[in-house]
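Here it is, the structure, as structure tokens.
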Amino acid sequence: MVSLHTVVIGVIGADVHAVGNKIIEHVLKEHGFNVVNIGVLSSQEDFISAAIETDADAILISSLYGHGEMDCKYMKENCVEAGLSHVKLYVGGNIVVGKQDFKDVEQRFKKMGFDRVYPPGSDIEEAARQLKEDLEQ
Amino acid sequence: MVKNKKIPLETFLETRERVLTHWHTGSDEALDFEHAVERLKSVPEEKDLAKKLRWAKEEGKTLTQPRAGVALIDDHIELLDYLSKEGEADLLPTTIDSYTRQNRYSNAEDAIKESKKKKRSLLNGFPAVNHGVKGCMKVQDAIDKPIQARHGTPDGRLLSEIIHASGGTSNEGGGISYNLPYAKSISLEDTIRYWQYVDRLVGYYAEAGIEINREPFGPLTGTLVPPSISHTIAIIEALLAAEQGVKNITVGYGQCGNVVQDIAALETLETLTNYYLKLFGHEDVFVTTVFHQWMGGFPSDESKAMGIISLASTVATLGNATKMITKSPHESAGIPTKEANAEGLKASKIVTGLLEEQTFAHSRPLEREKELIKKEVNALLYATLNVGKGDFAQGVIEAFKQGVLDIPFAPSERNMGKILPARDEEGHIRILEFGNLPFDDHIKSYHERALKRRARKEGRDVSFQMTIDDIYAVSRGKLVGHTLKKEQTT
Amino acid sequence: MVKNKKIPLETFLETRERVLTHWHTGSDEALDFEHAVERLKSVPEEKDLAKKLRWAKEEGKTLTQPRAGVALIDDHIELLDYLSKEGEADLLPTTIDSYTRQNRYSNAEDAIKESKKKKRSLLNGFPAVNHGVKGCMKVQDAIDKPIQARHGTPDGRLLSEIIHASGGTSNEGGGISYNLPYAKSISLEDTIRYWQYVDRLVGYYAEAGIEINREPFGPLTGTLVPPSISHTIAIIEALLAAEQGVKNITVGYGQCGNVVQDIAALETLETLTNYYLKLFGHEDVFVTTVFHQWMGGFPSDESKAMGIISLASTVATLGNATKMITKSPHESAGIPTKEANAEGLKASKIVTGLLEEQTFAHSRPLEREKELIKKEVNALLYATLNVGKGDFAQGVIEAFKQGVLDIPFAPSERNMGKILPARDEEGHIRILEFGNLPFDDHIKSYHERALKRRARKEGRDVSFQMTIDDIYAVSRGKLVGHTLKKEQTT
Amino acid sequence: MVSLHTVVIGVIGADVHAVGNKIIEHVLKEHGFNVVNIGVLSSQEDFISAAIETDADAILISSLYGHGEMDCKYMKENCVEAGLSHVKLYVGGNIVVGKQDFKDVEQRFKKMGFDRVYPPGSDIEEAARQLKEDLEQ
């Protein structure tokens, strides 16, 4: 049997949107991932220490409340500094304030070092498949 | 140990001194009670939210109110003015930003500066504490309609001081409803104390002859919350507020989606709140209701969002809600532009206009639903009082600890999170996992049978998957999750 | 003298020969019955409107259908395709242009040429006769859903021939409903005869084993039409159609605005139509209902239009209409762009999706309203049959002559135009002037008392001004005209 | 007492929208006009002969169904030819196909010789006042 992939999930910043987070945990588990859920109101440090502790393969950040761009600043750099440059970095939810053109938003976050960026209401099943692909390459 | 007892004036004033030091704007002399009372007494009738609610209740109106707030004063005024004139909103909000909600005033200060520089709002709301009484007065003076502060602040004491001293006649929030859906680890003991303070402040003004409206936040997590649970919390917060001297209370409820359940919920919310207020000796509290348009996930299609908004308005008006919090066609995407916000308001407005003189006739299913809600609320309140040894403040703390009260999908560690809701065949929200809810077998088997009927129809077992399907359903255009699959094959 | 008797095959075939000469496209051999029958038999299930209605009725669905039509074939295909895919319409229309409706085929021909030249539609619909069977087939073949012809054509014989021979499985219209609201001086004698022909054609196909749907136009003038009047005409047209062999009929009704009256109307429309079809010996006719979203004047604000559209969808779904004709946010301004049309469709769609599993509970006011409608329809049908000496075709002609039947605001000289409708306090459409309607005192005084209550509330007399105020009310955001004035002072 | 002004009203072309027409008749009468209503489905000739017969001061054309622009072509010229150049010519309703910018529409109809052009849903009370003004100048 293939060993399980470990993913850290959580909601970053002062954000308390909990519903999507609970569903993501459920779905990723069903897809065979080892899920470490640090929940809402999590800081960058929370994500990074969880990833180190559990030797995670990926970090999936949710941000719903609109301050995602501020909250995710230097996340990639901080990961690299913590020795997590190999860890896949995904972000999704309503990651900016207001209705914006997603192409632009995606570009901005990719520049910030995120491997994949998901627009509002993305299908988490689809994301789970892409994650598997990315990790099995 | 926090108790449901009116805070003695001295204790209140002592605490007040400390609260006003939390940020420098607290030292404004406009916060002296003489000034504040004078200011509040000078509020003209058309800007007085408490009075406007009395008028609406008498006339049988359902008022419209959006959510809205930006970082800078002038922009906020422009926004509210637009929603008033173009959106025809009856009531206006000042939605507070997330930093202020967490009492992070220096972060908010930075964001204000940054917003001025970049000439666009970097905050998801209006930082009222940072702008202080003067800033809030500017907003109050510029706008021709009542404004209410709406937030989600576990410790909203300084914020509430500033809101009222600037002439604000209404404030949303409560020790439970602004904790469990909005926080992770802060204790109920603390937030109940903070919100007793806020209510005591309103009670203080009441003693000075000023009626201020208070509104517990009804929808909680907005996600498949059974009416009896949100009702119970609304009633407890109303009781806690009344104890501190609040005389004008609006209890809230977030749309479930089943029309009969929603109307049953609105009707029972009002009668039960009145009943329990009287039962516990609060004879002279004026109660109104607020209906929140669908608080769960929205579809991304704007026309479909408008469909939901209008359906919600239908239910609010037929259910005689005194006011209604509107959504916008941008809901699924992000904070709405002022135009999108006005679109939601206008669709809501015409529906209330077309229906305001119509009544929703009573029927057997409606009565059955009302009975169920009443029984459940009674059971929950009784058990809460019981574990609190006769005190609702202690009761709430203990009840959440034991799971006697439990809110689905709340992020807080103070919430047991054991119960699971799901919809039955017709889309009523029922309970799939009861956790430790103190319901008798009669109630439980009613829920169980309803969910089994649905499961049988769908050829599957009653399970968490049903809940998940229901969470997604509305954003995909259906009320009950099962129809999603059925649709695909037709 | 036209009678409600099945046209003998020979007479029908003789007339047919003449009808097919009205325009050169009538000589296409695709109009030979063998070809047409073959074509219709090859229509796949998903494009068969008659079958789709049977499916919807069984599943308890409320299907959505827009209005749409442009001058050129390819543009029409593009339009329908957009409304199908982006608008998620369940059923599609081919709305016919005004020249074709008046049989002015050479004017239509000019406009087609002009449209090609200017690369935009100069017609307000699709000129199906000019495009002929081949052109209509192209549309049928390109679109993945059932298409219905919708028009307003007093003499729709050639048009219907072409529609069906090209594979069209549904056609709207009737000898009364496509005359009095759509014409000034053409006689009922003529239009009944024309539409008997259209029904006979459908009966012919039925004998060949092909089920085609027919739909009387329910809303008539769309302006404060009391349900009993439109019901009576729908039932008579259903009887006339059944006599000619039609087996699949959709009776229609245009939203009044009072929810209870609308649901009562939808329910009685179905039961009464079935009842009278059986009573007159038509045992095997399959009946469905269509609800027309508000057919009167719309507000110019697009968000408000969306509010009305969604409210209409709520009523249609809770009232179990089998299908619903949708409006668009451009309604008050002009023929909608395809985008605006899709917006109306999508708002409608989500409302039906959210409500399709819910039922509207029976209540005393609903039953009372249903009783009233039934009594009135019975009285109108009885009197019609009476003045027709037992024949409905003659009865209709005579009834309109005498004002025993009378449609408010109809432009036709064949309509007496003596009755006046107005709304009561809750917005039910009542009758202010009865003209010669054959109602007993019981019914009349019910209407009178209702209108007096309203007048008293408004401090004015019952008068035509009330009707005028009501005509404007919805476009100004209210259902009952009186509230307009009240609002201004608040 | 001032002598009554006579106005011819009607709906032009193959248009059967009758409701607004009936209300216009009612309101103009209430405003003291002598109203000659030729009803729906009226041709340019119908309007012109009615105006000649009744010695009318103004013609108010309604067009709702979208073909107003075609139906009103050369109306002014035909009036002039019939000796009605002094008669005020108004048009209103939904006079073009679809939702169009009203400024443009107004211009087009004014060029065609109409004195006043009214957008969809115009207040007929207001129009009655303007008509009085125009006629009393």
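Structural remarks
So that you can tell them apart, the chains are marked A, B, C and D in the order they are listed, and the count of residues begins at 1 in each.
Quick note on the criterion: a contact is a pair of C-beta atoms (placed from the backbone, for glycine too) under 8 Å apart; a residue touches a chain by one contact, two chains touch by 3 or more.
It should be emphasised that the depicted structure is a prediction, and the values quoted were computed from it without experimental measurement.
When the partners of chain C are compared with those of chain D, no chain appears in both lists.
Spacing of chain A relative to chain D, judged by their CA centroids, is 66 angstrom. Chain B and chain C have centres, each the mean of its CA atoms, that are 44 Å apart. Between chain A and chain B the centroid-to-centroid distance comes to 30 Å (mean Cα coordinates, whole Å).
Between the CA-based centres of chain B and chain D the separation comes to 54 Å, rounded to the whole angstrom. In chain A, there is no position where the chain touches two or more neighbouring chains simultaneously.
Counting partner chains per residue, chain C has no residue touching two or more of them. Arrangement of the chains shown, judged by which pairs touch: a linear chain-to-chain path with two open ends.
Of all possible chain pairs, the ones that touch are A-B, B-C, C-D.
On the side of chain B, the complex with chain A involves touching residues 98-99, 101-102, 104, 121-122, 124, 181-184, 221, 223, 296-297, 300, 330, 332-337, 340, 409-411, 464, 468, 471, 475. Looking at the complex, you find that chain D touches chain C at residues 14-19, 22-23, 26, 39-41, 65-67, 70, 94, 96-100, 120-121.
Chain C makes touch with chain B in their complex at residues 257-260, 299, 301-304, 306-311, 313-314, 318, 342-351, 353-366, 425-427, 474, 477-480, 483.
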